[in-house]
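Chain nomenclature is as follows: A, B, C and D, assigned in order of appearance, with residue numbering initiated at 1 for each chain independently.
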């Protein structure tokens, strides 16, 4: 499965690096090729990396609260660049303030994200979901 | 050649550039800043409060707080002052301003007005400008500190000091390594020298401004010696530029003995190195940060972490404690949640205000260990800097002699791997390039082996991951299930 | 003549009377009780859990909880077990039942059904009777203890033990002096001898039942030596009747050193006196009660008090901690508030589970002081009882040799006046008739004078009042404003 | 003012004695003659003491939660015994469970209590109110 690429990074001007390092470690252990862009990644950087690696998925983190501003428009830019089909996962503390996950989810779904996770996301569960989503996109795992 | 005080000429010519970086910088005057600060009563001066707390052996409480719009920010601070009974107030700056992205901050302000709620994670002080800052500082009775995470905080400092804030957090290392990705250390340290000189300038003119390097760094399994080395260096850097009121900080690690020892060691080390550098005229206070790593989501559990932090902070004789909130794991707290964190902490330190933790040989062993570890690194830093601690620290970080775990900055080596021993002390699993004395390394290894044995696994990276999650999952040590 | 074990004849003839005191007593059979207890798996046995916790050096958590109706009570316990993660469950008995006012309890049940909410402050186990008790104990996975405050708990014990409860709180002194007004000590101690014999009878037949004297007494500024003296005597009384699993308790006083010392002293004293009385075959565990005095109304502050209690309990190596809730100051907690108290406490003891508080000379000084104080009173008790501790204790209480502060019982002398010293230790202002060694009295006086000096007032009754309110007003020591 | 009598006690089977001792101390210091019946006082005992001492006020405490049951009917019994005019104050943790004071107050007002206090009652304020109420009843203080 080393041939499935994941583009990973923390969007905007967000410096929270701990979860990012853990995500890299986790998905590498699970057998994916993780292209970790680290913290403070712009939408352009995400898209370029996805194009370069032909990754079927971009995993966006936002912890610091500006997720609502930083994440808007990524789906549109992806489409612009010909990545109509790419999976967009987003997770972390996505909005400012304690907010029920359902509210956050519906907000980010509308922005075009396929899956939305809270800070307590169980990574094993994320992996299972990812496998289902990838299969649906025609990847054999 | 030793890093010295910036000359007035240099300072002023740099200043011209700084003020041009955003419209609100235009027309600022140092004289008017001094004049305005001169009108602020001593009871609203941060440095005064810190000094008083040292003298009276008190521990003060301070929250973190900041929202996008001025009126809401004022309401928030007033609430924390009255309902929250905060001793000291903060103004936490938003993350766009921290990266000098004033355009984005402006967008954040606009969107916040439209959404009728703050969409920024802090107060964009630069965008609001001098007069609005004064409106903030005049709206409350307590002194306010600027808390941020800004590698280049020069304009922010100029505006907020002239705006009546009387304390400024940060430092060339501590506001770079955990907060930035690509800013060079030379740059961030030079910019912070300028900020320290600005405060030194105020001091020269009789205006006492408190300075606080950011102790907790990444807030995640930071070994005491790493935090303390950075604190000592940033303390030296600040004093060099004429700062007098200096607050050194440390973020709770979780083990009582290690945390209390770290705070004792911090005071002793600071005095030793400051004296060695020739400084005698300073007011040294300390700040203890309640648990800075991942919090439990459950609010009852969060209260427990908060109270434990206040307890240790008080036992460690911190001059002030920075308080967390029951919303920590989830998002920027409401003002009510913020006040709750303050009240829980207040109850704890008040119940302890007359109690003294007996600090016996176990504590002394740990104090001496931490001091020996810091001395090891400081020796190398002086060596690399040819006697200059500040230059040496840049070289040291580049060489991995000083290394901050889990930090985002690319200049940081990132090989140091900490984990907990069997009693929950933070020890080192992988030293990377840190030139630690062999007997100290052996001690750490021994302690980690004890843990491995008691868990029936070998010392491994999984333990680090388990330890990172531990507190948020309700434990101190990440044991296998 | 020493108070010995009740003979089987006496026990059975008394039992006949007891069973007649309320209809649900009719037809109860000891054999069927034994048989039923024999079917309970060891994982649901309270004594087993306490033993296991001692062996594994664990600290268990237990809430207080009880409502009027069986189904609601079951829901409550299940919630505390699952959501609250309680290790041990309680069934707190209502205050009518505690006074054997089964008529009033019946009214309370009826009114609760009508009001669709519990109007009783506990579970009226006697009125509900054997089968309903079994329904309760069968509805959960954890062992359940009966917690009450009943001078005459004979019928309650018979019904609940046959009903599958495996631990029983109380004692002839501790469930009289703080809980009753006019019950003679001779009577309450005789009734508790019967209860202890009932449990001894179960033990004789291989059924292990845990017994726990009520350590905190009035919960209000109780000096450690008072609580510990009562604990030792009630321990002796229980062991005399054949009890094997004994849990001695102490309620948090507020000062870390004094509380930890008290728990250490409790273990040492119990072993010393039990051995002296010829007992060798017992399982001694301890319970630490989180702050038992007036709580702050604010829930954030209450969380702080709760966490501090859990912290000290764990540092004191308590086998279990009885947990309070954020509703404490206001009323019987909802199940959610009760679970919150448990979760905050759980987080605290888990964060401390690998940490050991270094107990050095300051602690040892206090341990030795408390032991000397208890020995002073115990000497007199043995003297008054002509070698018999139980008889001696009755005489001692009547004479004020043993005195419980602020207690309602008229037999209690009520002259002992405690207050806090300058570091928050509970010391004695007025000894009443307690025959304390002069050097100990001098030490207490000295410590109180230190406080008076630092407050600029003379030692006075107002200090006692101030200290009673202190924790609820957010402090440990009631200083003048 | 030593001639104004207060009958004080904790009603029902309630054993909470600490607050009771403090109330006795407080009102004695304020110059009243306090007849403290202690804990576990029945309605009859309250009334008999009030008749004996000709007290203008009975102060009832209930802490343990059975207040709603224990306090009901006291006003009626007072009237029966000719104490139509007596002031009835009640305070403590009057009902089972955390309940807003206004709710508790209206419940106990309906039962005929003149004043209803929570556990955080400021005793100085209680004294001031008492003086007003006593004056209204024609007592000169």
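As a working rule, a contact is a pair of C-beta atoms (placed from the backbone, for glycine too) under 8 Å apart; a residue touches a chain by one contact, two chains touch by 3 or more.
All of these numbers come straight from a predicted model, not from anything done at the bench.
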Which is the least count of steps on a path of touching chains running from chain A to chain D?
3
Please work out the Cα centroid separation of chain B and chain C, and write it as a whole number of Å.
45
Using mean CA coordinates as chain centres, what's the gap between chain C and chain D in Å?
30
Note: chain D sits from chain B at a C-alpha centroid distance in Å of 55
Send over the residues of chain C in touch with two or more other chains.
none
Residues of chain A touching at least two other chains
none
Is the way these chains touch best called a line, a ring, a star, complete, or other?
line
Which chain pairs here would you call touching?
A-B, B-C, C-D
Can you check the complex and tell me which residues of chain C touch chain D?
94-96, 98-99, 101, 104, 107-108, 111, 117-121, 149, 178-181, 218, 220, 293-294, 297, 327, 329-334, 337, 406-408, 410, 461, 465, 468
How about chain A: which of its residues touch chain B in the complex?
12-18, 21-22, 25, 38-40, 64-66, 68-69, 93, 95-99, 119-120
Taking the touch rule as given, give the residues of chain B at its contact with chain C in the complex, in rising order.
254-257, 296, 298-301, 303-308, 310-311, 326, 339-341, 343-348, 350-358, 360-363, 422-424, 471, 474-477
